[in-house]
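Before I ask anything, here is the structure I am working with.
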Amino acid sequence: MTEVGEPKFDLAQLAHVEIFTPKVEETLWFFKELLGLEETERNGESVYLRAYEDFYHHSLKVTWGQKPGLGHVAWRATSPKALDRVAEALERGGQGQGWTDGDRGHGRAYRFTTPDGHVMEVLWDVDYYLAPEAKKTRLLNRPQKRPLRGVPVRRIDHVNLLASDVTPNKEFMVDRLGFRLREHIILNNGVEAGSWLSVSPLVHEIAFMRDGQGAQGRLHHICYWYGYPQHLADIADVFNECGITIEAGPGKHGISQAAFMYVLEPGGNRVELFGDAGYLIFDPAWKPITWREKDLDKGIIWHGGALPAEFFMYGTPPVSADEAKQAEATAARV
Amino acid sequence: MTEVGEPKFDLAQLAHVEIFTPKVEETLWFFKELLGLEETERNGESVYLRAYEDFYHHSLKVTWGQKPGLGHVAWRATSPKALDRVAEALERGGQGQGWTDGDRGHGRAYRFTTPDGHVMEVLWDVDYYLAPEAKKTRLLNRPQKRPLRGVPVRRIDHVNLLASDVTPNKEFMVDRLGFRLREHIILNNGVEAGSWLSVSPLVHEIAFMRDGQGAQGRLHHICYWYGYPQHLADIADVFNECGITIEAGPGKHGISQAAFMYVLEPGGNRVELFGDAGYLIFDPAWKPITWREKDLDKGIIWHGGALPAEFFMYGTPPVSADEAKQAEATAARV
Amino acid sequence: MTEVGEPKFDLAQLAHVEIFTPKVEETLWFFKELLGLEETERNGESVYLRAYEDFYHHSLKVTWGQKPGLGHVAWRATSPKALDRVAEALERGGQGQGWTDGDRGHGRAYRFTTPDGHVMEVLWDVDYYLAPEAKKTRLLNRPQKRPLRGVPVRRIDHVNLLASDVTPNKEFMVDRLGFRLREHIILNNGVEAGSWLSVSPLVHEIAFMRDGQGAQGRLHHICYWYGYPQHLADIADVFNECGITIEAGPGKHGISQAAFMYVLEPGGNRVELFGDAGYLIFDPAWKPITWREKDLDKGIIWHGGALPAEFFMYGTPPVSADEAKQAEATAARV
Amino acid sequence: MTEVGEPKFDLAQLAHVEIFTPKVEETLWFFKELLGLEETERNGESVYLRAYEDFYHHSLKVTWGQKPGLGHVAWRATSPKALDRVAEALERGGQGQGWTDGDRGHGRAYRFTTPDGHVMEVLWDVDYYLAPEAKKTRLLNRPQKRPLRGVPVRRIDHVNLLASDVTPNKEFMVDRLGFRLREHIILNNGVEAGSWLSVSPLVHEIAFMRDGQGAQGRLHHICYWYGYPQHLADIADVFNECGITIEAGPGKHGISQAAFMYVLEPGGNRVELFGDAGYLIFDPAWKPITWREKDLDKGIIWHGGALPAEFFMYGTPPVSADEAKQAEATAARV
């Protein structure tokens, strides 16, 4: 006999992510020419991008910054009232920073921070992308034609954040925002080394991993989705030939069962590409999968390319001289 | 400015489907030896099956019947209270048939019928599949090892029902059960020829298509999911060599963007296989895609194998002498 | 006990094909922007193109002509002496037209015609493509970087010619040039409807099919190769969105087991794309596969998209008013 | 102006490989239940196997031995006269061991050894596999139905041998047998660390790699071919769940561009699986690709799973206590 409380359904999806880059033009070249993102608009030091199957104004905001790193993560609520409920819960909890007037592509948003200090917002009103005549497709459920540039990704998938301590950030997302814990890693010493959480059947729209540098509020990676593993081989060709270092993959994770690849974009931020997103979770009483050290080899890599030590250390913004050098070298490679 | 009411989240997923077959052994051979389904249990004239990534006791119940056709469709609620809310709504609406004690693999269930007469139930308590030692896998988010038989499907995906009139059935699912309309076909004469609905980001867990014979309460097909288009080519090899007629595909639908193939199992029921499920809908204010006759060619087939005329006529149970002959011939082919 | 004579090894490969088009710019757009071919050189009314894994100066020569159709087919010999042997055999046989000085990208070539009148040549000296610095790749066995345009094909695969009578053309290729017959279709009335021949383990570098219009010397299609079936789905997306009509596929032929798709380029010539080339024949005593009418359904389509009636009738140049209209309409669609 | 001598065409293909195993039943389980090989016949301590698209009696002979390792490699000549020419050349060169009466599945064969001591034979007469009624397929160019067991491989691809010194073995294959050098690795000290050779457009039917233990006559691996990269992911699933350790991959080699995976079968021999065989070489004047140390990282792994140090050391039979332990452990895992 299963028994659970009433689940919350206040958040619907990851709406967009903002990243900082010290090399805006190189970062745009990476996302537009190689990954096929489309530019919607420019405003000040920011450029708004979307994948060709992203339905809204943008899923990625690229903003100039002295260092690479996370700007903010935006979630869309399931209704205007759900937005209010979430804002109130955050306000009550003391993590709220109040309402903003919105930005290009969306209306007012409630800003808050995770316990680790990552900036987030939740919003309801969004502008839909409307294709100009030349980009309209007869595939009516696709917002525009597939681009002819590079190996185009289809939609934003998730964001992965580093945290000095995973557990309070996980609990915050579950308690305040209604995320469900899907999978996590518990080390032999009891420390939670990583948590994968979602508000939809995807295994995660967000993950937290322990920051190997002990820093706070950093970005591990953002991820775009292809849907077909072949495209990881295709884009790997392109990266190899364009001087983009593939950090790991293509391979398949045990956690989430996703077909993955990791690269650093020229600004120094890590980007993951999903060949497929793995399995989906429809069970409303899902019991989180716990990966312990004895099974972690298969959890991290089910098959294919191993993750280098760097994977567990490097995040943005860089906090050590080594990391800064690495971020700089990345940018210089192009 | 988008504006919607508070959405309902009372149903979580398609739990299982029961089909009738006049040739139980041949039907089991098809599902177990070719599609790799696992048998959980037998009870009277029924056999309970699941795919290797289905988490519950069964996703398919195969029951002897004089004619092929639909037994029932079962939905899982998002909570015990959601189950009660749904049952009350159905009771009030007059479509309810009351509670059953449950079946192998699940607890009490509330029975009801669609306006067209398809039997359905909604339930909360389910038995999880627990793999015996020899079938346990180190991939902890997979309930058992991948079978070595045939080209094994991974999970149940959806059910597609024929209806004498699509619209009232669609409205029933939306109003009473909280389904969202994702895509539909409106003919030039205003008739709704098909509707695709879901309670999750999948484009559909259920579709209704207009019954070409004008009959009521029939099954068009059930669908299992692979996740990779290559497996459609693999199972097509197997079908061709085992005397199973491929009705259509592999190909890609415009509606849902799914990679599809259709076959008739030896009992005469149509089965769809999904190479991938297409795109996902996370937008909580999704505006249904309307396919009109001028775009329908691309909506039905985006690329690959065309659908034969039979596809739009044949359902189970057969209602014409021609259909009965076809169902019989199918069973005889093996 | 197998017993065969000494096989000939005088031809090595299909070197290039020349096609005529009344719409040079549109044809170039198709091959360069959608299929990712690279332009090597222009000369008078001809443009020389190659795929990114073609090693020579060109594999396709696009020449202006009032009507679409075949210019010529060029074969590379296995050695300078082999070239002389082939030229002498053709000379003796009466099909020879003598030596040309060569063309951009290759040295002297011996010209001849098939019994049906298709112009061909055989040559030895070729210019290798040498990538400029910016296109050099660290994948040393690839002549240049993978292009970022469209869904780029990798190499030329084969040519398929229509013939008023298949048999004498097949026999000519076998007797004079050393081709091996790999598969063929024999109708119930004894007529040979198609023949697939090769000088390498590929099932064919050339095929002859009976011309449904009874015409002579026409082109059915040229074919480029991807190697991965996913790319047929990708380019199908592109074709659908760019107004290029997909004639058939993606699907899988029984004959050759190749994953195929057919389209008409804007000039009116049919182009096939191979997702993979099927099986390879290493057996030096290969007995040709004979497809008879009873098995032809599976031979033509093993699975996936059926071939329309047009496929068996339309060739270039058009010989009927209907065909001319079709070729014209194709060009106009872009 | 290219200029070459007359090439030899006396060998057509890799016919079969014999391997020794101390655990015959476990080795058979691996090849039959997981890779879907079919057993043709047993004779004494040998079992004859073939993949479902292998046309002859067998492509693999599994023979009991105290240690794992190579039995022999068999090549098929292009004609009876070619067989005689090759035998005479070997006889003259002093590497010949004379004619055998043949074996199950083929007629008389001429035995010889490589400079490093690997036993080989060349033959002409072969028995073709003839499917019993139940295994006949309507795909007439396929010798039998696709098996329903495991993830079935399609045909033998190549053999990779360790040699104490690569160069003399390479030269022997080129000079005596007519192989062409396709790619090789030359270290900074001038040592040839590996050579890939073929008699067909495949990049290799045989490779020699320098034996890290300095031993002679050892086997590095045999390879079977799928044709589709997805099947590497499928069989990786199976291996992970059946206790077969994946040594490396799936990934893509630069050398040959093949999609690869390596495992040890329970007897201790390394087996490679090809998702696809990479590019084909049709150029009769092919200039070998030389990989030097500066490019070797991309040559060995273009993308995906890295090769462990073991890959460059372990061969069969084991020659060190460590290797023996590893071979034993492999057998014990099952």
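Each chain carries a letter (A, B, C and D) given by its place in the written order, and its residues are counted from 1.
In the analysis below, a residue touches a chain if its C-beta (ideal position, glycine included) is under 8 Å from a C-beta of that chain, and two chains touch if they have at least 3 such contacts.
Here the structure is a predicted model, which is why all the values come from computation and not from measurement.
K.L.:
Keeping to the contact definition above, tell me which chains border both subunit A and subunit B.
P.N.:
C, D
K.L.:
Going by the touch criterion at the top, tell me which pair is linked by more C-beta contacts: C-D or B-C.
P.N.:
Greater number of contacting C-beta pairs: C-D.
K.L.:
Please report how many Å separate the Cα centroid of subunit B from that of subunit C, as a whole number.
P.N.:
About 44 Å separates the centre of subunit B from that of subunit C.
K.L.:
Subunit C to subunit D: how many Å between their CA centres?
P.N.:
Each chain reduced to its C-alpha mean, subunit C and subunit D end up 32 Å apart.
K.L.:
For subunit C, which residues are shared contacts with two or more other chains?
P.N.:
Correct list: 138-139, 228-230, 233, 237, 240, 298, 302.
K.L.:
Over in the complex, which subunit D residues touch subunit A? Could you list them?
P.N.:
My answer: residues 229-230, 233, 236-237, 240, 246, 249-252, 259, 261, 298, 302-306.
K.L.:
Within their complex, state which residues of subunit B touch subunit A.
P.N.:
Touch list, subunit B to subunit A: 1-7, 9, 12-14, 53, 55, 76-82, 107, 124-126, 138-142, 154-155, 183, 200-203, 227-229, 254-257, 276, 279-280, 282-284, 289-291, 295, 298-299, 302.
K.L.:
Quick check on the complex: what are the subunit C residues that touch subunit A?
P.N.:
Within the complex, subunit C contacts subunit A at residues 33-34, 137-139, 145-146, 148-150, 228, 230-231, 233-234, 237-238, 240-242.
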